[in-house]
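Take a look at the structures below.
Common to both upcoming complexes is subunit A, partnered first by subunit B, then by subunit C.
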Partner chain A sequence: MRRTLPVILTLVAGTLAILNSYIIFAPLNNWVPNYLQRTVTISTAWAVGIGSLNLMRIHSARISRKTTNWSFSVILIVAFTFFLVLGFVLEKHQENPFYSMLWNYVQPPLSSTMYSILAFYMASAAFRAFRMHSVDSTLMLLSAFIVMLGAVPIGEMIWPGFPVLQEWLLNYINTSSQRAITIGLTLGAMAQSMRVMVGLERGHLSGGE
Partner chain B sequence: MRENVRKLLYMDKRIVYLLMALAIAIPMFMPLGLPVRIPKSAQDFYDEIEKLNERDIVWIAAEINPANQAEFEPAIKAIFRHCLSKNLRIAVAAFYPQGANLAATWSADLVAEFGAVYGVDYINLGPRPSTSQDSIMDNARRDIIDAYSDRDNYGNPLSSYQIMADLQKASDVSLAVIFTQGSPGCAEYIANWQSTGDLMHMITVAAAVQIPVENPRYQAGMLQGMLGGMTGGAAYEKLIGHLGSATKGLDSQGLGHLLIVVLLIVGNACYFILKNLDEKAKTEAGGRS
Partner chain C sequence: MNVSPEFIEAFRPLGVWIAAALTLGIYSILWKENYYYRVCEHIFVGATSAYLVVTSYANTIKPAIEVDMIEKGMWWQIIAIALGCMIYFQPFAQFRWLSRFPIALWIGFNAGFAGLTMRTIMPMIVSVRATMLPLVVFTNGTFDLLRSFNNTVFVLSTTMTLLYFFFSFEKLASAPGVLKVCRWVMMLSFGVGFGNTVMNRITLVMGRFSFLFSDWLGLI
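Right after this comes the complex of A and B.
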């Protein structure tokens, strides 16, 4: 029953959601967005809550066992609890200057910095690791040359053909490959969805048959 | 010779970091001022906004996170400038947690400059969890206030704002400008609003890494215009006649790209020289034995 009921629910919900896209039938067309899809929102809220509790449980255990880098777990729990309490305590916390200051001027610069550092790692990796070992890697390297130089004015200054070649690569080689990938992914997703709906795929039900 | 090449190939990586820092920093103090080319996709993007009539509503899907600030901040500013100067109305929404707040922060100066009134000329619907994107977007096809639980980014009732009288459902939007760096992004808007016939006019500001993914949609006409990365932002700044941080940043990006290309060439040259020398040494050693 623990596994059969979720499979039946999945089959019914999935079938109704699919039919809603293809059939004009007022009760169904109202029920799916007004009830079924709202259920997704509510389930998501529960999932976030459970996820947060799980996060606390795992990191509390790390601290109590003093495992490697347990001090980072302390930082996580303190920051998480601090923000959580602020969100509950402050009325209209989005408008509170202190909350906004923390949200807008602490995390974004940290995140931007982390991403910006990639430029340095990419330069280092390009120099040390990107080699023309094979035909494939040579093609990739040449494409990288053209796209990087074609995308910026300095490339056009070096040779006006770079932007033309870059657009050709993007519009013909890339587009045809991307379309093939997109169609393949969509067909795969449809097949996977059908497997989940009819109960052939049961990994989400704690695994096993 | 072998030792010199080996030294060059295995030099301290901090030297590479320093070179990259210089390539990025020098143009900030000594701009190269290279001419910015306007790709067709950027021209189309500009034209789509130009086609709108006064008081039309532009939906900005601010699928932004701080990591893309260099690419997206100039574009947000330029779009607000373009729209407000044409007396268009703007609605900002996001499925990325920080998208709505970042858009509000980056556009604050423009809103003040044009004297735009919140709730009349623009509104911020705030972030909603990306896991509920499909249900929210589907609901917004019929009732935006209900889909957003009658709350804006600041917790106030959406229904109390004047702009919402003309923004009741997705089809009331004249144009969607979708910032994208992955999912949620254009694919979700196309699936939920365009394929249903509610909103056909969509343009995108794509992070550089997302250009290859969005370009097929632009070519197919699903997206009628596209700004790609900082280059697209600079082209758009040129089109609206107000140069900003994308134009300034393009010199740094250009030198950064050039440095990576030079490093690739030098790295591969060193690798092949070393390989040849090693093979030659092996052959000679084999001959002696």
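Right after this comes the complex of A and C.
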């Protein structure tokens, strides 16, 4: 029962989602989005809590065991608790000017800086790839170089053909390859979904435990 | 707890200093791994996790209980809440099997919804249809070399990428030249993606530098 029922639940939930997409039958078309999908949405919202609980559990253990760099765990827990308590105490935290003010001076600067440093890592990766002297890496860097120069005014000043070439690469080489990758991904997703639904893939049910 | 616009304006300089300190803290990793960066990194993880919890509660759980169940009488949603609560048995080995039920529901529904419905299949069909372009194009009765060339490149590029993914290991192993050309096409495409991503990241860098030099230091 502990293993079979979840597999049956997986199959039933997936089948209902599929049937709702292909069959026009009012009770089904009403029940799936309004009840089944709503149940999935509400129950999924609870999962965020266990993720955070797990984070707290790991970092509390680090503090109590005084492992290496345990002080960072204190900082994490303080930041977590501060924004959590404030979010629960303040009514409609997303619209609250005080919460928004604090949030806007902490999270957006951190997240945009975190993503922006990838530019430096990518530049370093590109340099290393270029040193490999293979045709593949040269072609990749050549097209990347054209796209980057085509997107900035200085590229057009160097050679007016850069924006034209950039547009051509985007419209004919990139779009076509991405389209092929999308087709492959869709076929892969379909096969994987089918395997999950019929119970051939059970990794989500704690594997062989 | 509401604050006045005057308070927000008075807090602004301190807020800008906090944001600048955090920005510099993240950038300090470019020099080397250091304490300052790790502090900012942990603040980022802690603050974002808390925000996700609060937002999930405020946007989904709270309306489900207060509005749907209590005000509208949709008591069936207790099932959804019970299922959601069952995931909290995950850390307890003896009762872990109970957490399989919500996971089974989420995975099953999303496998069907995202993998096998028209929502997923239609874009693929549209993609296939849009790739079937005429290789020889006539515009106003005359041969259009540019469009014919572009369409041929498009169709060949799609076909080669598909060939590489689907037949690279067995069917085309005896024709390494074909595989090589397929890979070159893909490399050109990945280069475009790489270039675009670098440009996006540079935009973010410029945004942060603009903040530092304009809002914080007031130099520009």
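Basically, the second predicted complex is superposed on the first by the 187 of 209 C-alpha atoms of A that agree within 3 Å, B and C clash if a C-alpha of one lies under 4 Å from a C-alpha of the other, contacts with A are read in each partner's own complex, and residues count from 1 in each chain.
Keep in mind that, in the parts below, a contact is a pair of C-beta atoms (placed from the backbone, for glycine too) under 8 Å apart; a residue touches a chain by one contact, two chains touch by 3 or more.
Since the structure is predicted, the reported quantities are computational estimates derived from the model, not experimental observations.
Engineer: Go through the superposed model and pick first if A:114 touches only subunit B, second if only subunit C, both, or neither.
Structural biologist: Once the two structures are laid over each other on A, A:114 reaches both partners.
Engineer: Looking at the overlay, does A:51 come into contact with subunit B only (first), subunit C only (second), both, or neither?
Structural biologist: In the superposition, A:51 contacts subunit C only.
Engineer: Is A:127 touching anything from subunit B or subunit C once the two structures are fitted on A? First, second, both or neither.
Structural biologist: first
Engineer: Counting only touches as set out at the top, which of subunit B and subunit C does A:24 meet: first, second, both, neither?
Structural biologist: neither
Engineer: Would you sort A:167 into first (subunit B), second (subunit C), both or neither based on which partner it touches?
Structural biologist: first
Engineer: Where does A:33 make contact in the superposed view: on subunit B (first), on subunit C (second), on both, or on neither?
Structural biologist: first
Engineer: For A:156, decide between first (touching subunit B), second (touching subunit C), both and neither.
Structural biologist: Touch partner of A:156: subunit B, not subunit C.
Engineer: Is the number of subunit A residues in contact higher for subunit B or for subunit C?
Structural biologist: Comparing touch counts on subunit A for subunit B and subunit C gives C.
Engineer: Would you sort A:81 into first (subunit B), second (subunit C), both or neither based on which partner it touches?
Structural biologist: Touch partner of A:81: subunit C, not subunit B.
Engineer: Which residues form the common part of the subunit A surface touched by subunit B and by subunit C?
Structural biologist: 37-38, 40-41, 44-45, 47-48, 92, 94, 103-104, 107, 109-112, 114-116, 119-120, 122-123, 126, 141, 144-145, 148, 151-152, 170-171, 174-175, 178-179, 182
Engineer: Given the complex with subunit A, which residues does subunit C contribute to the contact?
Structural biologist: So the residues of subunit C touching subunit A come out as 1-3, 5, 8, 11, 15-16, 18-20, 22-23, 26-27, 29-30, 38-61, 64, 76-77, 79-81, 83-85, 87-88, 90-91, 96-97, 100-121, 123-124, 127-128, 130-131, 150, 153-155, 157-162, 165-166, 183-199, 201-202, 204-205, 207-208, 211.
Engineer: Would you tell me which residues of subunit A are touching subunit B in their complex?
Structural biologist: 33-34, 37-38, 40-41, 44-45, 47-48, 92, 94-95, 100, 103-104, 107-112, 114-116, 119-120, 122-124, 126-128, 130-132, 141, 144-145, 148-149, 151-157, 163, 167, 170-171, 174-175, 178-179, 182
Engineer: What does subunit B use to touch subunit A in their complex?
Structural biologist: Residues in contact with subunit A: 9-10, 13, 16-17, 19-21, 24, 32, 34-37, 39, 65-70, 98, 101-102, 105, 126, 129, 131-132, 134-136, 138-139, 142, 153-155, 208, 211-213, 215-216, 219, 228-229, 231, 250-251, 253-261, 263-264, 266-268, 271-272.
Engineer: Which part of subunit A faces subunit C closely enough to touch in the complex?
Structural biologist: 2-3, 5-7, 9-18, 20-22, 35-55, 57, 69, 72-73, 75-84, 87-90, 92-94, 96-98, 101-107, 109-120, 122-123, 126, 135-137, 139-148, 151-152, 168-184, 186-187, 189-190, 192-194, 196-197, 204-206, 209
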